[in-house]
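Sharing a structure here in structure tokens format.
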Amino acid sequence: MQSLKKIFLNDFFVLGLIVLNAVIIFIDEFDVKLKALDYLEALITLLFMGEIVVKISHYGVRKYFGSNWNRFDFLLIIVSLPSLAILFYGDTLMETNIFLTLRVLRIFKSFRVIRFMPEADSFIKSIKRALQASYIIIFGFVILIFITALISCSLYKDIAPEYFRDPIVSIYSIFQLFSVEGWYEIPNLISERSNAMTAFFAKFYFSVLLMGGGILGLSLVNSIFVDAMVSDNTDELEEDVKQLTKKIDSLEEKIDQLLKSKK
Amino acid sequence: MQSLKKIFLNDFFVLGLIVLNAVIIFIDEFDVKLKALDYLEALITLLFMGEIVVKISHYGVRKYFGSNWNRFDFLLIIVSLPSLAILFYGDTLMETNIFLTLRVLRIFKSFRVIRFMPEADSFIKSIKRALQASYIIIFGFVILIFITALISCSLYKDIAPEYFRDPIVSIYSIFQLFSVEGWYEIPNLISERSNAMTAFFAKFYFSVLLMGGGILGLSLVNSIFVDAMVSDNTDELEEDVKQLTKKIDSLEEKIDQLLKSKK
Amino acid sequence: MQSLKKIFLNDFFVLGLIVLNAVIIFIDEFDVKLKALDYLEALITLLFMGEIVVKISHYGVRKYFGSNWNRFDFLLIIVSLPSLAILFYGDTLMETNIFLTLRVLRIFKSFRVIRFMPEADSFIKSIKRALQASYIIIFGFVILIFITALISCSLYKDIAPEYFRDPIVSIYSIFQLFSVEGWYEIPNLISERSNAMTAFFAKFYFSVLLMGGGILGLSLVNSIFVDAMVSDNTDELEEDVKQLTKKIDSLEEKIDQLLKSKK
Amino acid sequence: MQSLKKIFLNDFFVLGLIVLNAVIIFIDEFDVKLKALDYLEALITLLFMGEIVVKISHYGVRKYFGSNWNRFDFLLIIVSLPSLAILFYGDTLMETNIFLTLRVLRIFKSFRVIRFMPEADSFIKSIKRALQASYIIIFGFVILIFITALISCSLYKDIAPEYFRDPIVSIYSIFQLFSVEGWYEIPNLISERSNAMTAFFAKFYFSVLLMGGGILGLSLVNSIFVDAMVSDNTDELEEDVKQLTKKIDSLEEKIDQLLKSKK
């Protein structure tokens, strides 16, 4: 029993299971239709559940759920539990939407591997910091996409229904435009279907949108990322300079003492 | 009366109206043809006008227009006023250009939401600073696009009229080339229609243009953005170092006193 | 005579001529076939020559050619002189290659406007610095493109002759791949024409090339640009810290004096 | 004999050979079918072998292989040796896979030119540093591509087999999506083949993938590159500040002496 506990608390064993799980799903997705693979995959899910039980009994409920990584693991395993149903109802569910969802859910367990990445914590931290630094920009982008999508929908609904038929389709088209990819196809299509004046305005309008949204926008996101990264370096320097200032303050005190003793 | 004033001065009420306004336009653009939506939208425009009147009477004309955000609000509401005409002449104007313009104008009110973005002021400030830092580059780009468009027009007017028929079309084509998107279609088309020598020159010419305009240019814009962002950090540090210098200056004075008292 | 000299030495007059010259060429390229425009354009070229004569006689040969901007102007005007021939032989040369070249040459005068850009000198300086900082990278890229073009030509010459027929065509295809634009069309074409194994290798090979050349490469260029920009800021700071060090050195000397006077 | 040694130890002679080798292969790849070129190329390979022998005898085995560049040279020459077989079996091997491989192998010798690039060492060092700084990100990207490829394969295997037929094809499609190039073709294809709900989900799913993988991901790589570059500058500054701190420490000691002598 004790040795079983040791095995489940061993990171290499768990990592091995995660990799094995990924490999099985990888092979299974080639449509090999090997029942054995499904059984093996279900076994790994059960082993993961065992791991949770062992860890909670070892660390205690509070300490176990106090760790972000443990909560992450717990969530991913719970999410993949329904996929065990494939084993029993696989043949009857085949080709249904539920079956598809179950197959997708079991893949999520593979995300557990992130925990074992070298410097995973600092990686997650730097992504978090970058997202925090740019959440206003993302917010601004969402507003910009929403409003320009409404304007574009209002303007080009009838001329280019494939892009601006309704506000939701427009939002997707504006997003596509802001990704720069294939942006000029939109004004070109409008130009083909309208008179010279409208064509000219459409090209001007979408060029400005591209400049504003695509080029400048991405640069802004980019620069804020860089800012967050670089400020690290200067933070260290600022610390150094602060230490220096303290030292000089103590120097001043001592010289003041000297001056006082003179009088 | 007083309570009405309170409501109009309440930011959450105004924000609620703006969001409601956006939602109504969003639904309306699906061509639901609900007269009620148009009436509601017109009501919101009237409420916005009421807000202006209340705010001006509360703060006074001078103080109200002293705020950039107030002027921004005022402009957006004035611009959307003509859209009220849809209510009365909607059916007769339908499908005309004036009708289209009126429908677009009413969307502009939605931009008022920018004011309520978290850290809106610092966001606007950072965009302004970035634009100021790069306005020379934008100026240089406009000149580069203009002159290379003239050169390309002069060279390829007859070979590729769809891209370089006249200077205005050329400007658009050069802009498209500088966005990197689909750039190689231009030299490929020219190659198809001309001899090996001209084809080779065209490929070389547009490759150089792409390198100069697209890659290096975007990098420059990018780096200046980053520069503006990063200089913030070092500005703080510079301030720190300046403080330090002052402290050392005062230290020196004190030591000078000590030296003098010795003599 | 003196007043004529004054006019030619006046920057606004010269800028006006440059802009007028650009506007005339812009209109002329619409194929308006107005003889008057050609005469006007030729007159401006002559006025530019007059400007050179006046400036050389005013500043002296040595001082005139001592300025980079003057040499730039001189070169552009000399280059556009042959275009005067259009006036006399325009009708007979029409549609010939010489005629085309002459028409292009006259556009180059427009580049003189760069001199009048706000902060033109600092703009040129920052582009120069950026190019200097990245010339090794550009050099490395040229080598990378050349060698990978040879390898790709050797591998896919027979399978995809439209991309890798000979080394020169290969260089252009690799350049296109590194611009990311339409990169996957190349491995897709090769996949269609070959067996599964070759298709797999082609996809792998071009993905790696794209990663190496396109993504990482552009990032490197980018980062060096940024480096050159940002180092400016820290240069100032370094200067500040150096000043501080000097001050502290002088402080130390004074304290040493104090210590000596004690003994 | 001594003069032969001198020639082989002369960098310009070696560089000349490398360039000549590249030029010969460049010409040969035009399918000129000149036997003389093959002989010349083989001669250069033999001269390179001679160079190795001379250098090892001159510097000694240990010192020769102690240099990274020498090991790089040695490897490239060994790799290209089999290509000598073209000379003897060229006609019989023609059009076989072995022949193709041999032709490719001989190109690798050209990479030796990297050693002669100005500031090659610092260039290699900066690439190494950049790769080290971003290897976790590359690792994270590989995991992200692998897992999202599995999910996409599971979801869209039947709807879009050309993109998600099996996990390997999926990995390639996700990589293509993350390069932004042509990303929207994937959701568009799925939309065409499925109902409105699935189409909407596909567009949402791939837009989020694009944002996560493409835009944010590239920005992260980018910012870490920049970080590595910029930290150089601040490293210098930090050194300066550390020197300053030492100086102030010694100042403090002296003032302490002064204070002690007072008592």
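Should a chain be cited, it is by its letter among A, B, C and D, assigned in written order, with residues numbered from 1 in that chain.
In this text, a contact is a pair of C-beta atoms (placed from the backbone, for glycine too) under 8 Å apart; a residue touches a chain by one contact, two chains touch by 3 or more.
Keep in mind that what you see is a predicted model, and the values were worked out from it rather than measured.
Asks: Could you run down the chains that neighbour chain A and chain B together?
Replies: Common contact partners of chain A and chain B, which must touch each of the two, are absent.
Asks: Could you classify the chain B-chain C contact as same or different, where same means more than half of all interface residue numbers appear on both copies?
Replies: Mostly different residues form this interface, as fewer than half of the numbers used are common to both chains.
Asks: What whole-number Å value describes the gap between the mean CA coordinates of chain A and chain C?
Replies: 39
Asks: Once you find the CA centre of chain C and the CA centre of chain D, what distance in Å lies between them?
Replies: About 27 Å separates the centre of chain C from that of chain D.
Asks: Chain B: which residues touch two or more other chains?
Replies: 180-182, 222, 226, 230, 234, 237, 241, 244, 248, 251, 255, 258, in rising order.
Asks: Quick check of your reading of the touch definition: is the inter-chain graph here a line, ring, star, complete or other?
Replies: Topology of the interface graph: a ring, with each chain touching two neighbours.
Asks: Going by the contact rule set out above, which residues of chain A touch chain B in the complex?
Replies: Chain A residues touching chain B: 136-137, 139-140, 143, 146-147, 150-151, 153-155, 157, 166-167, 170, 180-184, 200, 203, 207, 210, 214-216, 219-220, 222-224, 226-227, 230-231, 234, 237-238, 241-242, 244-245, 248-249, 251-252, 255-256, 258-259, 262.
Asks: Taking the complex as given, what residues does chain A use to touch chain D?
Replies: 22, 25-26, 29-31, 100, 103-104, 107, 110-111, 113-114, 117-119, 123, 126-127, 130, 168, 172, 175-176, 179-182, 218, 221-222, 225-226, 228-230, 232-234, 236-237, 240-241, 243-244, 247-248, 250-251, 254-255, 257-258, 261
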